[in-house]
Each structure stands twice: as structure tokens, then as C-alpha cells.
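The two complexes that follow have chain A in common; it is paired with chain B in the first and with chain C in the second.
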Partner chain A sequence: MSPLLSLRNVSVAFGGQPVVRDVSFDVASREIVGLVGESGSGKSVTALAILGLLPPTAEITGEIVFEGRDLPALGRRQMRRLRGAGIGMIFQEPMSSLNPVFTVGDQIIEAIRVHQRISRRAAADRAVELLEKVGIPAPRRRLEDYPHQMSGGMRQRVMIAIALSCSPRLLIADEPTTALDVTIQAQLLDLLAEVREEFGTAVVLITHNMGVIAEIADRVVVMYASRVVEEAGVFPLFDHPRHPYTRGLMASTPAMDMEAPRLVTIPGGTPTPGNLPPGCNFAPRCGYAIPPCAEGVPPMDAFADGQRAACIRARELGPAAPR
Partner chain B sequence: MADTLVMERAARPARLARMGAGLRRIGKSRAFVIGAVLFAFICLAATIGPLFTSVSPNALAIRSRFQPPSMEFWLGTDNLGRSVLSRVLWGARLSLGIGFAVVLINAAFGVLLGALAGYYRKLDNILMRVADALMAFPAVLLAIGIASALGPSAVTAIVALSVVYVPRTARVVRASVLVVRELDYVHAARACGATDRRIVMKHILPNCMAPLIVQLSFVFAYAILSEAVLSFLGLGAPPTVPSWGVLISEGRAYMREAAWLTIVPGAAIAITVLGLNLLGDGLRDVLDPRMKVEQG
Partner chain C sequence: MIGYTVSRLLQTIPILILVSLIAFGIIYLIPGDAATVIGGPSATAEDLARIRANLGLDQPLLAQIGHFYVNLLQGDLGRSLMLGIPVTDAVIARSPITISIALYSLVLTIVLGLSTGIVAALNHNRWIDQAATVFALIGVSLPNFWLALVMIVLFSVHLGWLPTGGYVPFTTDPIGWLRTATLPALSLAMLQAGLLTRITRSTMLEVLRQDYIRTARAKGVPEWVVITRHALANTLMPVVTVLGLILSVLLSGSIVIETIFNVPGIGSLLGNAISNRDYPMIQGGLLFVTAALLLLNLVVDILYTWLDPRIRVGGSA
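For the complex of A and B:
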């Protein structure tokens, strides 16, 4: 079966300065793919590129194929029709993602009517249904609320309801839980998993939180300094990461049963887009780096179990031992 | 169905309560209350005042020329024996009417041009350079120039004052649009597939209303003042129509003998402009609480 969404060698540059390079990955339908990386690794730009929401100054190359259509080649009108109806998006800040001067009901109804020609009344009924689905109590009454009358968790639920309003096949969630506290985070992740079960929606979940990934992702794409460094199913990735960066990430995630006196860190900091080292981006911070690492960008190496890692020493080092 | 009814019944008091809270907040601003009272007084005078004056503003009574204010003529009479009270009240209609027309045109074109400039960045340069050019002239000078080119009439005054003030309003709208267009909910709307028009109409403009309302209250005040200037110079309302500027212009020759001829319409202008300015200040305090904090 062909994937729902497929990125092939996607690069994005601003004013000749690349911020995303050669990114390739697939999302199958009903699949939850985690896109992980530090701030500035290019994960959000990748998401915006998929939706065609980058400013016109961005230079996008490569193929972004959604349901057989190459998105960058679509016209403005076609792209607009696809947004919301084919691909929905949830943003990071629930506090500011709703228009303060309209009730949440108005906003959900509006989102429905952007893509479907139905009456206000029918749209209102659908809005109630959606709010119920995303777990908002007394949805009829809540339609009349203004965003400031709701908590952050509830607003994020409303955002999810809006994103779901046109039954998109793919949902892009850009750090949907970062602004929320931990218990609400867990509830929302459960909600996203339910959405996938019930509506069959595929999800691209962008986060820097490994815990969130472990919770619901099926497959993980790890980005570092504008490139994909490793891609694997969630179990192989947590079980035996192959790229030294992913190993570092795993080692620096505190575990409940860990008795380490200090958190392990990766030495150094992420290079800025203008200042990338030659060869492997991660080499200067990598404990396993050897001179050839600086000579060329390491190619993606595919392993038998479908895991892929961009490291010339991945094979030689073997899978990291489980912790 | 029953569910909908319940919802509506519950929603109505909530909405009323919100409106009540808003009114209370506005009531706390003393500037707003004083301004509103003054302006309401003038508006009332303009609308129902002429109904109570039995004397026509143009009724000549040569025998009672230059009567000082008295029981018969509350605000005296002019050089042709016409009732100043009656003329000021009729003048209020004209002056407020011109002011209101300018405000409406400002609201329409200011919002349109401001939204276009703020949202479509390519248009911004063109529109704003034209606005800069218009704003480089002193307001009254430009109005005088346009009015004298078009010939004196009330419509001329409206056109001239609109040309002067629309760029200023457009700037205010553009500035707010520039801020609001980068907010998350605008990006969210775009990600939902909303059209540009819908984004501007539903998400950007409603959130730009506060500064616009304040700006329009000031435009109203300036328009009345400038209209008086134009009429005074003979470029606004024709002398047969008793606008406030015309009244002052006519009374100017008799300032020593009959000061009330200039004082009364002058006071009318002063009260209106003061009222509108206080109203605008008060609205700004209420609509933009941050400003108040900064002031102390």
C-alpha cells in the first residue's frame, strides 16, 4: 500500500540558508509518527512545509506527496482546500490559538463551514458532537463560552475538535502538549490515540519530549540540525538506538528506576544553521567520532529490522545495549 | 430541540451579565462619562433642539437686531435679527452631520485600505507612500486646498476632510493588522483552510476594533473643528446655511458690539470637541488597559 504522506529529499531554505535538508520519511494511514528533535532542528519548519504555510520567501525543494498529489506543485486554491479537510493542524499554544472575540462554538462552526456546505444549525450539532468526542463536559453550554473562559487543556481539546471538524486523513500536531501540565498532557495523548482509533486519522506528532513519543508513537523520525539522523519503530528505537545522537538522547532521559546522581548530557550545543560543521553535523559532539566523519555527510544506512540511521559507524558500533 | 432551548435560555442572562460588566468598567472612567454626557447633550440638542425653537433660523426681524440674550431670545439675535439659539441648533445638525459623514467614510475606507496594506505586504509600500504624501501636508492646509479646488459646499467639506483623515485612520488600522496577522489564531485559521477574506474579516479586523473606535472618535472631533475652519474661510457650507463655522464668520465683524454672536457657536464647537476627545480618551483607557498601567 502506498503511504498517505511521503517526503522525499525535502529541503527548505531561507535566503539561501538551508534549515531543513534532505528530509525523507513516510506516514502510512492510521499511523502515529513522532518527529523528534531539539529546538531549531527543523521539525516545525518541516510541518509547515507540508501544509504550505511557510512564508513565500522560503525555498522548498523535493517532493511532498499526499494521497498521490505533490503538494508544493498545487495551486494556492487547491492547497487551501486541502488544509483542514485533508490535513489538519494543532498548534503548540492553546492559549493563543483561538480568536478571543468569538465564542468557541462560532469558531468550530466556522471551521466546519469552510469546507462543507451545511446549515449553521447542522454545523452546531456537529460541533456539539465533536466537543463531546474530545471530552468536554456539557458541550451544548460550552459552545457559548469565549476562549478566556476555558482552561488551557480545554482549549487544546477545542483545537483538536476544530482540527477534526472536517475529518482530515492526517493530523499534524506541533508540540500539542508542551504548554500544558503533565496530567493534562497524558489525557490529551490518550485523546490523540483515541482519535486515531475512531477516525482512522494518521498523526504526525512533533515534540522534543521522548516520554510523549514512548506513550503513543508507532514510529519515530529523529532530526538533528536540519537532517534526519535516525528512523525506527518506537520499540527498536527505545530498545537499541543506533545513531550516537539518539543514544545520547536516550541516555539523557531520566528514568523512574534510575539511580544516577546526575543527569547525563550530550556535550556542546546544537550548531546554528549558518555554522554547520563539515560532514556529519553531530561529529563535534559525538563520543564515537573518527576523522572520516568530518569528510562527508553520512548516508542513511538501512538495517534488517527497518531501522535506518545516518552514521558511518552504526554497523560497526552495533545496536546500543538496552539500559 | 429542547436542548437548544435550554442552551438559549441559559446563554441570554450570561450575555447580559457580560454586557453589564463591560458597562460598569466603562463607567469607572471619569473622562468617558463626562465626554459622553457632553456629546450626548450636543447630539440631543441637534436632533430634538430645533423642534422646540419656534423661530426659523432664517427668520429676519430687522427691528430686533443685535438683541443680547434675553427671555425672548435666549442667546440673543444677530445683525439681521435672527435667533442665535435657533441658528446654533440648526448649525449643530449640519456640523455633526458633516462630522458623522467623515467618520463613516473614514471607517469604510480607512479599514479597507488599512487592512489591504497590513495584510498584503506588496500593496503596503504603495498605499503607505501615498498616505505619507497626503500626511506630509498640514491637515487644515490640505483641506483648504482641496475645498478651494472643488468649490465651497457641504459635500466639498466632507470630501476634503475625508481625504485628509482617511490616511491617518488607515495607518492606525494597518498597525493593528500587522500585529494581529502574526497571532497564533490567525495561523490556526489558515491551517484550517480559511480564505484570505475570511481570515481578514473574521479573525483580524474584529481584533483591531479597539484602536479604530478610539481613532474614529478623534476623527469626529477634528472633522467638526476643521469643518468650522473651512466654513469660517468660506470654503465649507455656503453662508445661507447656518453651520457653526459660518456663524462665527458672520459674527466676527460684530465681536465688539455683540460678542455672543461668536461666543455661542464657539462654545458649541468647544463643547463638542472637548466631549469627543474625553470620550476617546476614556474609551482608550477602557479598551486598552495596558496603556493605563504604563501611565501610572
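For the complex of A and C:
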């Protein structure tokens, strides 16, 4: 079966400066794919490129195929019809993602009526239904509220309701829980998992938090400095990461049962897009680096279990020992 | 919201009292004896006594102030020395002219300023944006009386499209009103439109960068709806705040403009009163203009709170 969404060698550049390079991954129907990486690794730009929401100055190359259609080749009108209806998106900042001068109801109803020819009253009923689904109490009354009358968690629920309003096949969630309290984070992750069960929506979940990934993702794509460095199912990835960067990420995620009192960190910092080292981007920070690492960008190496890693020493080093 | 309106109304009272005191004091700003100045060198002793009695200058100061306010509250601002009719009557007769031109000018300002500002913001850093910025800069820099004269030379003398001056009331002949009011309104509007263009442009650019604009686009809302609904509603708020400022400049600018175009409004009435030392008239004109400005600013402030639900509805979760 062909995947719902398929990225092939997608690169994005601003003014000749690439910020996303050669990104390829697939998302199947009903699948939750985690897109992990530090800030500046190109995760959000990749997401915005899928929806065609980057500023017109962005130069996008490669294929982004959604339900058999190549998105960058679509006309503005077709792309607009797809946004919201085929692919919904929620953002990191619930406090500023809703328009302050319109009521929450207005904003959900608008999302519905942009794509469906139904009356305002019917759209309002649907909005109440959606608010109920995302766990907002007394939804009928809440329609009249303005965003400033709601908490951050509530607003993010409203954003999810908006994103789900036209039953999209794919939901892109860009750091949906980062700005929220930990307890609210867990609730929202549960909600996203429920959404997949109930609506059959596939989810691309962008985050820098490995805990979030462990919670709900089926498969994980790890990005580092504008490239994909590893891709694997969530269990193989946590069990035996193959790329040294992923190993580092795992080691630096604190766990309750860990004996070492000291938090492990990856030495050095993420290179800026204009300042990438030659060869492997991670080589300067990598404990396993050897001279050839600086000579060429390592190709993706596919392993028998479907795991892929962009490291020339991945086979030689073998899977990392389970923690 | 209601509480705000009431407190805002109460705030205008001390300002009105202060301005009326200044208006009252104008007569004492005249060096020497006001009656001699007003009467001129040929005035007889009887004339001077009559002028003093007319102005109430022969009474004690406190009594004068008391009289002034008692009369003011009854709408009596005294009698014009120049026209020989009650100041109130003159102000009432002339004000519709000034108000109609100011409103016309305000409409021109909003249409020109908003549209240029929006077009500039949507074409950020392209030649249209630069042209609009230059237009705004020219509008802001040119003195309006100079612009008025240039427009008379161009549109009236050379092209002959519009009359050089005069005024036809809207109620007698709407087309005639439009012909006589356009040049004064336009020369007043240019400066304000330039100001408004700059504010609209920068606010719009700021708003277009906001997350909720990205949300609207992600919902699949057509781009023109994103601009006219989501962006404009948020752009208008700062714009409304400067409307009060714009109105005050429109009103004070009308003194010069009405004189140039020979429009018999409050502006030219006040201008003539000043050059003829018609003190009761100056007092009346000053009070009228101040009261009008206070009222307009009040309306603008209330409009602003009504536009912004964060103020109108208040309270957070």
C-alpha cells in the first residue's frame, strides 16, 4: 500500500542557504510519526513546507507526495483546498495561534465553512461536537468565549478542534505540548492518540522531547542540522539506537530508574546552517568520529529490521547496548 | 465597559473647565485696556464705556467669572463685535460647514491612508511599497496651505475642473457641495493620509507576522479573507487610536484652509475674529473647537474599547 505522505529528497533553502537537506520519510495511514531534533534542525521548516506555508522566498526542491499528488507542484488554489481539509496543523504557541478579536466559535466555524457548504447553525453544532471531543466542558457556552478567556491548555484543545474540523487524513502537530504544563501535556498526548483511534488520522508529531515520542509515536525520524540521521520504529530506536547522535540523545534523556546522578550531555552545540562542517554534520561532536567522517556526507544505511541510519560506522559499531 | 465610558465622560469635565478659564482669560492677555484696543484710536469715552459694559469689564473679577459661566451654561457666549450677532448663533450657523468638510476629509484620509498602507504592506519591499512610502513622506512633509495653493493652480486655474473657492451647502446642492468641498478636504487629508499610511503599513506588517495569521492560512482560508478579515481587524485597532489625533489636526488645519478657499466655516470665522480682535468670537470659537475635539476623542476611545474584545469582555480563564 502506498504511504499517505511521502517526502523524497526534500530540501528547503532561504536565499541560497539550505535549512533542510535531502529529507526523505514516509507516513502511512493512521500512523503516528515522531519528527525529533533540536531547535534549528529543520523540523518545523519541513512541516511548513508540507503545507506550503513557508514564505514565498523559500526555495523548495524534491517531492512531497500526499495521496498521490505532488504538493509543491499544486496550484495555490488546490493547495489551499488541501489545507485544513486534507492536512490539519497545530502549532507550538497556543497563546498566540488564535486570533484575539474573534470568538473561539467563530474561528472553528470558519474552518468548517471554508471547506464545506453548510449553514452557520450546522457548523456551530459541529463546533460544539468538536469542542466536546477535545474535552472542553460546557462547549456550547465556550463558543462565545474569546481566546483570552481561556487557558493555554484549553486554547491548544481549540486548535486541535480546528485542525480536526474537516476530518483531515493527516495532522501535523508542531511541538503541541512544549508551551504547556506537564500534566496538561500528558492529557493532550492522550487526546492525540485518541484522535488517531477515533478519526483514523495519521499524525506527524514534531518535538524535541524523547519522552513525548516514547509516549505515542509508532515510528521516529531523527533530524540533526538540516538532515535526517536516523529512522526507526519506536521500540528499535529506544532499544538500540544506531546513529551516535541518537545514542547521545537517549543518554541525555533523564530516566527515573537511572543510577548515574549526573545528566549526560552531548559536547558542543548544533552548527548553524551557514556553518556546517564538511562531511558528516555530527562528526565534530561525535565520540566515534574517524577521519573519513569529514570526507563526505554519509549515505543512509538500511538495516534488516527496517532501521536506517546515516553513519558510515553504524554497522561496525553495531546497535547500542540497551540501557 | 459602561464604567469606563462614565469615567471617561467625567474626565472631560475638568478639561472643559480649564479650557473655558483660558478662553475667559484671553481678554486679559491684551496689553493695556482691552476696550481701548478693541475700540481703536477713534473711540470716544462713551464708546469705551459701552465696550467695557458689553464685555462686563466694569465689574469685579469674580463677578465676571461668575457671569461668564452662568451665561456659558445657558449657551450665551456674548455678542460678536465684528458681526454684531450673538456668538452662539454665528458658531451654530458656521459649524455644519466645517464639520461636513472635516468628515469628508476624514473619509478621504481613511480611504487613502488605509488602502495605501495595506497595499504597501502586502507588497513589502517591492516598488509599490517604496512608492507608497515616498507618497506618505511627501504627504507628511508638505504644508497643507502650500498644497492647497498648488491644487488651486492645477485643478482650478489650469484644468478648470473645480472652483477656486466658495461653498455650497450639501442640502441645497450635493454636486455643488462636492465641487466646492473636494479641494479643501483633499488638501487637509493629504498630510493625515501620509501619517495613516505609515501607521497602517507598519501595523499590518507586524500583524501579518503573527501566529494567528499562519493558523488562518493553515485552515485553508483564502488569502484575501486572511487579509480583509483576520489581518485587518487587528490592524484597525492602533489605527483607531490615531483617529482622534487626526481629527484634531483636521479641525485646527481648517482655519488656514477655509481662509484660502474662502469657505465660511468655523475656521475662517475664527481666523477673521483673530485678525479683527473680536474677543467674544475668539472665546466662542475656542470653546466650540475644544468641546468638539473632546467629544470626538471620547467617541474614538469608546470605539477602541469596543473593537478590542480583550478590553470589552475582560476577564481571563
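The rule is simple: the second predicted complex is superposed on the first by the 323 of 323 C-alpha atoms of A that agree within 3 Å, B and C clash if a C-alpha of one lies under 4 Å from a C-alpha of the other, contacts with A are read in each partner's own complex, and residues count from 1 in each chain.
The definition used in the following text is that a contact is a pair of C-beta atoms (placed from the backbone, for glycine too) under 8 Å apart; a residue touches a chain by one contact, two chains touch by 3 or more.
Values in this document were obtained by computation on a predicted structure and should not be read as measured data.
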Checklist line | Joint occupancy of chain A by chain B and chain C, clash or fit | finding: clash
Note to self: Between chain B and chain C, whom does A:Ile162 touch in the aligned arrangement: first, second, both, or neither?
What the structure shows: both
Check: Does chain B (first) or chain C (second) touch A:Arg83, or do both, or does neither?
Finding: both
Check: Now for A:Arg141: first (chain B), second (chain C), both, or neither, which partner does it touch?
Finding: first
Note to self: By the touch definition at the top of the document, which applies to A:Val220: first (chain B), second (chain C), both, or neither?
What the structure shows: neither
Item checked: Partner chain in contact with A:Ser151 - chain B first, chain C second, else both or neither -> second
Notebook entry, point to check: Now for A:Val36: first (chain B), second (chain C), both, or neither, which partner does it touch?
Noted result: neither
Check: Any idea which of 25-33, 43-51, 61-69 or 295-303 of chain C is the one running into chain B?
Finding: 295-303
Next item on the list: Jot down the residues of chain A that show up as touching in both complexes, chain B in one and chain C in the other.
Entry: 51, 53, 80-85, 88-89, 91, 93, 96-102, 110-111, 114-115, 159, 162-163
Next item on the list: Please name which positions on chain B make contact with chain A in the complex.
Entry: 3-4, 6-7, 10-11, 14, 183-185, 187-195, 198, 202-203, 206-207
Check: Can you name the residues of chain A that touch chain C in the complex?
Finding: 51, 53, 76, 80-85, 88-89, 91, 93, 96-103, 110-111, 114-115, 146, 148-151, 154, 159, 162-163
Margin query: Please output the residues of chain C touching chain A within their complex, sorted ascending.
Written below: 210-212, 214-223, 230, 233-234, 237, 307-310, 313, 315-317
Next item on the list: In the complex, go through chain A and note every residue touching chain B.
Entry: 51, 53, 80-85, 88-89, 91, 93, 96-102, 110-111, 114-115, 140-141, 143-144, 159, 162-163, 165-166
